[in-house]
Every structure is written in C-alpha cells, then in structure tokens.
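Here it is, the structure, as structure tokens.
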Amino acid sequence: MIRHLFTLIWNKKRSQALLLVEILASFLVLFAVMSLLVFKVGNYLSPIGYQYQNRWAVTLDWGSLPDSLADPIRQRLKQRALAYPEVQAASFSSGNTPFANATSNGEHHWNGKVINSFHFWTDDDFARTMDIPVLEGRWFNRSDAAVTIEPIVITQTLRQQVFGSENVIGRILVADDDPKSKSRIIGVVGNYKRAGEYEENSPGTFYRYQRDRWQNTLVLRVRPGTDARFEARLIKDFGNIAKEWSFAVNYMADQREAKQNQEVIQIATFLILITFLLINVALGLFGVLNVSIARRRGEIGLRRALGATEGSISWQFVGEMWVLATFALVLGLLLAGQFPLLNVFDLDAGVYLVAMGVSVVVIYLLVTLCAVFPSRQAAMVQPAVALHEE
Amino acid sequence: MLTNYIKIAWKVLLRHPFYTFITLFGISLTLTVLMVLTSFIDHLIGVHYPETKRNRSLYMMQLGIIDSTKNSRNQSSLSYKFLKQFVLPLQTPEKIAIVSDRMTTNSYVGSKRLRLGLKFTDAAFWEITDFAFVAGKPYRQPNVTNGDNVAVISESFRDDYFGKEAAVVGKSIEVDNTRYRVLGVVKSVPDTQLFTSADVYLPYTVPKSNYLTDSYLGMFQVIMLARDSQNMAAIEQEYKEVISRIPVPFVDNGFKAYHLETDAKTYFDTFANTQAGGPDIATFLTLVVLFALMFMLLPALNLVNLNVGRSMERASEIGIRKAFGAPITTLLGQFIIENLFITLLGGLLALGLSWIIITLINQSGWIAHLDMTINLTVLIVSTLLTLIFGVLSGIIPAWRMAKLSIADALKS
Amino acid sequence: MISLKKIEKVYRTSTIETLALTNINLHIGAGEFVSIMGPSGCGKSTLLNLMGLLDAPSAGQVEIGGQTVTQYRDKDLAQLRNQKIGFIFQSFHLINDLSVLDNVEIPLLYRAASSRKDDTVGPTRRQMAQEALEKVGLSNRVKHFPGQLSGGQKQRVAIARAIVGRPSIILADEPTGNLDSGMGNEIMAILQQLNADGATIIMVTHDETMAKKTQRLVRLFDGSMVGDSTLMYDV
C-alpha cells in the first residue's frame, strides 16, 4: 500500500510540485527558527556561573582627569564603600560587567590554536564579590603584583578548547603570533556567561586590574534588602570624595531582567511569526485537501467498490500527505544538512540536528492534523453516489 | 468589464465561506505583520516628533580617526573641541545644534531611585527641533553662555520625580549630586529617537558635562538645518572642504591619525550606518525588502496552492469564456484582477488589525514612549505590499486556469 | 449466488421521498449471465448498487453466497466486495495518475492480511495483474497510462481490474455504453468468455443487442420488476 501511495504521488509530481515546495519552505523556515530556539534553550540550561542578586555596578566617570590622578581617588571610593555595613564586598572591573552593553574580546594564539575569547580586567576581590567558584588553582591576589609574566585566570570552556583535560595551572603560555606576549595561568573558573542565561557559554580570560580608563566600574555586593536610600547616601558620599566625577548605579538584577526581556521578546516574536505561518500553512493544506477530495470522489467511490473500507480510505489520504511530506523533507534535510556540514554560523552540529528532528516531527504532525478531517470526509463519501456522478 | 470581474470575485468569495476565511486569514495576517514592520521602520527613520524638520536636516553622529595602514581606527561621537573648530563655523547651514550622547545616571527621591537619560545640548537644539512644551520654556543662549544649572525635563520624568501633573517650573531637581532648576517640561520622546530622546536636557556648559576635552573624539552629535534640499548638498560640500583642510597626520590622545572619517548625512543614512552596521543605505533597504519577500513567500505559496486546487470549480466558466473567444491574456487579466480584489480586501482587514496591534505595542511599554502610527508613508508602502502580494499569489493559478483546454474545461 | 428478497429503496431528502425500488425479489444462481434492462431512472443502477453492496436497501434482505449481509458492518462489506465481487463501469473509473498495471493491482492492495503473503507464497500482485491483463489482451500496454488508451482499451483494463482478485460475481454497469458497437462487441466477447470460465455476471444495459447475448433478461420499470425471462439462443 505504501508503495502504491509513493507511485501515486510520484506520478502526480507535476501537479503536486507546488504543494511540495510549500511543505519544503515551511520546513526550512521551521528549521531556521528551531535552530535559534534550540540554541537559546541549550544556552539557558547551562549555568550562568556567578551571582547577580544584590550586586550593583557603579560606573565612574572622571572626565578629563588623567588616569594616574584618578586612581588614588578610585581606591578611596572603594574603601569608603567597604566601610558601610551594607557593602559586603567590592571589586573593580572593566566596564564589561555582567549584563552591561560593553564587550571586549580578542584572539588567543595558543598551543597552535586560535580561540576567540572575552577579556575581563578585574581586581583581587572580583571572584569573591561575584561568587565565582574557582575550580582549579586560585584567583588573583597581592602576590601577583610583583610578577613579570602576566597572570591570567581562564574559564573552563577556554581551557577545554585549548588544552582539553591537561593540567594547566602554572603553565606559561607564549602567544604563537607574538613571542613577547607571555602569560601564566593561575586559575580556572567554571562558566562565566556575561550577557546572561541565553548567551552561549563562550571562552573568557580574566586579567588583573590595570590602572587605566577602561577599569571604570566598581562592583558591590550589598546586603540583601539594601535599597535606594542607601544608594543615594553612598553616591552623595562618593560625590564628596570625587567632586567633579559622575556616577551611575545599575543593579545587575535589573540589568539582567532587561536583557532577559529582550531575549524573550526576540524569541516570542519568532514564535508568534512561525506559529502564524504554520497555522496559515495548515489552513491552506486543509483547504487544498478538501478541494482535492471533492475532485476525487469518483476515485474514492471506485476504491470503495473494489473493497476499500472507510478506514483504508482515511488512511490513504493521510498516507498521501505523509508521502508528500516525506519527499519534501528529504529535500529539506538535504538543504538543512549543509548547515552542520559547512559549519554555518559556528553553531554546534547538535543544535542543527535537534532542530532538524523537531522540525521533521512538527511537519509530520502538521500534515497529519490537516489530513485527518478531510480524510474522514473522504471516508464518508457514498460510493453508490460518487460512482454515478460523472 | 472591471465591475463585472469584481462581481464575479465577490460571488466566488461567497460561494465557499470557509475557503474565503482561509484566504483572508492568510492575506490579512501576512499583511498585518508587514504593515506593523513598515510602521516600525517608518517610526525609526521617518519624520516624527520632535524632529519635524528631518527632511531638511543633516546629522553627524560619529567621527573616525584612522592610522596610516588603515588597520586601526578609533570611532566615537565628536568632541566640543572638534565641533568648535570645524563644525560650528560652517557658513551654509541655517542653524547648527549640538547635542550629547544619551548618558545614563540616577536620581533619588526618598527611597525611590530613578534611572534617567541625560543629554547636554546647546540653545539651538530647541530651535531646530519642535518639542512640545507642556509647561515652561527651553533654556536660551544666555543660560548656555553662563553655564547655568537649569534643565528641561520630560513629562514622564516629571511624573516620576514630582508626581503626576505637578506644577514644577522653577522647582529644582537633583541629578548626579547636582541641583538644577527646571525651566520647562516637554512631551516625552521615544527611546528610538537617537538624537533627541532623554529625560533631562541640560546646557552643555554645566560643570558636570566635562565638555572641554582635548581629543577630537568626544560625546557630541550634530543636527544641522538646511534652508532647502539644494542647500543640503552645499552643506555637505562645505563640510568636506573644511575636513580636507585639517592637516594630517596629527596625534590624538596618543593615537597617530592619518585619515579622518566624518560626514554630514541625512537621518536615513545615519541610521542605516550606525544601526544596521551595513555599508550603505542600499544594503539596508535590500535586506528589508528581501525579508518582506521571504516572509510573503510562504503565505503566497499557500494561497497559490489553494487557488490552483480550486480552479476546477471555475472550469466550466473558463470553458465558456474561451469557447466564446476570450484570449488567454484577457482571462489571465481577469483572474489576476479577481485575486487583487481579494488581496485588497485582506489588506483592508490587515490595516484594521495593524492599527490594533500598533496601539497595543505602543501601550505595552516595550519601548518607552513609543508612538508608532499609520501615516501616509506607511499607507503607501502597505498598499504596495498588498499589490505585490496579490500579483505574487495570483499569477500562477491564473496562468493554470487560463491555459486550461476548452474541451477539458467544458467536460467537467 | 445472489438473492434479493422484498427489496425496497427509498431516497429521502428533506422535502421529497423518491421510491427507487419496490418489492424486488430476484435470485441469481452461480454461473448465470443476467442482463437488466429498463428506461432511464427505472432503478437499474440502484439495483446493481444493492447487489454490489455499495448501498443498503431501505427494507428487505440481500444475500450473497448464502450469507445475509443486511446487518454487516462496513469492514465486512468491504471484504465481501473485495473478494467476491468485481465491478465494471460505463465511464471506466480508471485512476489517470496510475499506470495500467498499477490500476489493475488496486483490488489486491485492499486484501489486508493476505497482501504480504502474496509476495512469498503463490503469484505476486504484479504477476496476478499481468495475468488479468493477458486475459483481456492488453499485456503489451502495462506501462501505459489511461490517458494514452482508447475507450475499448480502457474498458478492458477495467475488466482486468474486476477479475484480478478472481471474484465469483462481476457487476457491469453499462460496460458498452461509452463505446462504439465494434468495441462493444469485443467487450461482450470477453464477458462471455469470463462467464464461460465460471463467473456470475450481472450487467445493466439499455442496448437490446447486447442484452440478447446474455442468458437471462430482467426488465425493470419505475422501480418494479416487470419481466424475467430466460433467453433461448445461448452462445
């Protein structure tokens, strides 16, 4: 029977071509959206790697003041903040704190590999302030001030991409493209997804605090329940210490929510669009099937006369849609398969494969759903009537 | 003939309400999505409050300084130093306004903390734009010259800081540890307006602005008003000449610069360059059009399939028309016109739906103070989209129907 | 073989009741070749539909091979149609998108349980279809599509399809109605041969010359049987 249906659809390929293209197009659109979705969900499932509740990021702007003069004042601000019982920890960081819009990244040429990594400049207290667990080795401390080879802390992802499971603590790295650039790995931390849950777990490299303009953010860990009244007092205090400076306080929890909303809006927009497109396609297929059943009443009557039960007529129409969908999906998978093969967009092949799987299932469900009602209609055709219509 | 066709189209619509529903559902929702998109793009780049003179304005958003090998570049807004030397002295523009990037800072009211966007502007800013003052007036040249701590605030910021509808002119606000006297309150500007959206506007000369820096790169942008469209070209020309006279190389903050990259551009070009990251406006437009076409493709295919399937319903009509001598082109025309009629009907529905959705989006607070509208531009683009969709989805079924052989058509 | 007892058939719409058949009593034995004649609208086709189990009577009993089928459900009816009955129609009812061979195979596809066995035990479906086409003299046209055949050839394909499942009864609804007399005679010859090989054939026609080639003639008028005669001039 299945071979019969394949023959039937194959022989009708010219009139069914447009329908096939429609299913194919639906599959491709679905595949694109699913890839994005699977990617985002996969990211979401991987932990963010730090705490953002009760963390404040205070951005400092010292205008045209030279950095060398700004630094002692910065240190006084940090000490002032720590003097409050409300502040449990404080650390300086480059402006690319979690959820901030700033980013900094670059390539490492290590171990014969080229890896793109985010760069962060933070001080000795950052891991403690943000609650970043150090998996191996240690975080920066005062002993790093005097060393000649730059100490770095890397994320687990970066370690795995460059060194696999080798021991890396204490290892001195010489950049493949610049023998003068040396660094020593002193610690490995877990995930550090700076843009939030939906971000890919990318490699990251931490450098020790440098005294220039780029390190303009003071990260505070405040006691739970600390509110804007304290914030106002703190900023007033800061204003007294650093007269012409500007300060802007961001709550990481708020920043995260804003980022999260952006992601959710993006995902929701795609979902709404794809749902609309699929409903549209479903209604269309439904209509096409209805029309074609009306046109094939003679054939239905004949098949009934030749011994087809109501059930087998129903199955035939559902089966025809499956066969058509299968033709379309084979083409679609050939096209979609290029994405993991050619490594388009640098996504994990697993993402594409899951997206393909989900899309295939959705398409089969969709065509089945569209075929069920019309095929019931077809089964109801009275053979005695249908055979004498022509 | 045309009314005849439309009458037939109407009959075809009524014959099968279910198919009509499917058809109109597809058309109207597809067009709704595209209309909302059009409205949003128009909101971003069209002429809107408070920049009502955008059609004869030129904008400068960024300055790039590039090293000798063109490998390294620094890019940022422009500094006051640069503007004073090269932009403010320009002769051709009617007016020149400077306005800073939007800075974010906080203000505290009791236990409440307000996040706010801050812009430093000159007095001409208020003349080039058409802000609606709910109360008070803008600051003027003397305020700017003296560096007075005065402010114009937005309606929504007033509501947050003082309470709804409060009379605030003459009162003072504290922002970033400094007190400013409120001179005026303006209707809030959507966050999407790159040059004009802020909660608090201050003269660029107030101490907090730190406007006197040594670099060419800074925090200011420029809006220039041209007398007319010809004048715009003259401004661009004059600015180019001024820039070409700047001696290179020069050292800026330790960076040895050999080339300067700066332009006075229309808002459209400015937006496309900074937002889409594309090299020029053509790419931006091509992308949008491509997206629209791609998005229309699937619903169009859907409609094509349904119409092709249904063409047998019309077989006897086609047979008779042909038997009486209607040429293929006439039939083709008839079916395309019918399809256009249905599509336009769907377009009308879509217009209603778009209006509802736009209102919902505006009210959702997704983008603060968003005021998307369906204006003439949106209407024209929407009609165009509707026509494209109609032809796109009508041509294949029409072709199939028109070339049906008379014998086949009359038999069934 | 087929028995109709006190058959009545009424078509009801919301406004009109049409009496299509009244009080039909008819017994057709195995191996008979019966033709049914009557003017248009007399109920010939309705009668054939009832015998072919395509329609149910409003009252009365239908027996096929000694089984009363009145209470049968769709599945059982379908099986009976598939195994015991072959249909031939005036307008052929071939599926244009299938080749001749595929068309002929269709009845075999609906033999659910035995279809898979067919591939290993006994002749395959292909072979059975080939055989049936040989019987009607079309073994050289198997790859053709219905659109490429003449009317007579189409009807021969339809006959091959009717006999491929080796049914004991063949119901023919005006099999020569769309054909010229030459082709009609060819078709009649095939039917007569099938009858000679043992098939029970019931044929609706309004062509007196064709009817005369059968053994028994049943006449219908306005829903009632008005004649039932055995024809003397046998083949």
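For reference, chains read A, B and C in written order, and residue numbers begin at 1 within each chain.
Here, a contact is a pair of C-beta atoms (placed from the backbone, for glycine too) under 8 Å apart; a residue touches a chain by one contact, two chains touch by 3 or more.
All values reported here derive from a predicted model rather than from experimental measurement.
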| item | value |
| --- | --- |
| Most central chain, judged by mean C-alpha position against the global CA mean | A |
| Farthest chain relative to chain B (centres taken as mean CA coordinates) | C |
| Whole-Å gap between the CA centroids of chain A and chain C | 65 |
| Geometric centre distance via CA averages, chain B-chain A, whole Å | 28 |
| Length of the line joining the C-alpha centres of chain B and chain C, rounded to whole Å | 72 |
| Chain A partner contacts - residues on chain B that touch it in the complex | 18-19, 22, 25-26, 29-30, 33, 103-106, 108, 110-113, 176-177, 207-208, 210, 212-214, 295, 297-299, 301-306, 308-310, 312-313, 366, 396 |
| In the complex, chain A residues that touch chain B | 18-19, 21-22, 25-26, 29, 61, 63-64, 227-229, 231-232, 235-236, 239, 244, 246-249, 265, 273, 276-277, 280-281, 283-288, 290-292, 295 |
| Of all residues in chain C, those that touch chain A in their complex | 45-46, 49, 52, 54-55, 74-75, 78-79, 81-83, 87, 89, 91, 93, 95, 97-99, 102, 105-107, 109-112, 115, 145, 161, 165, 173 |
| Residues of chain A that touch chain C when the two form their complex | 1, 4, 7-8, 11-12, 298-299, 301-312, 382-384, 387-388, 390 |
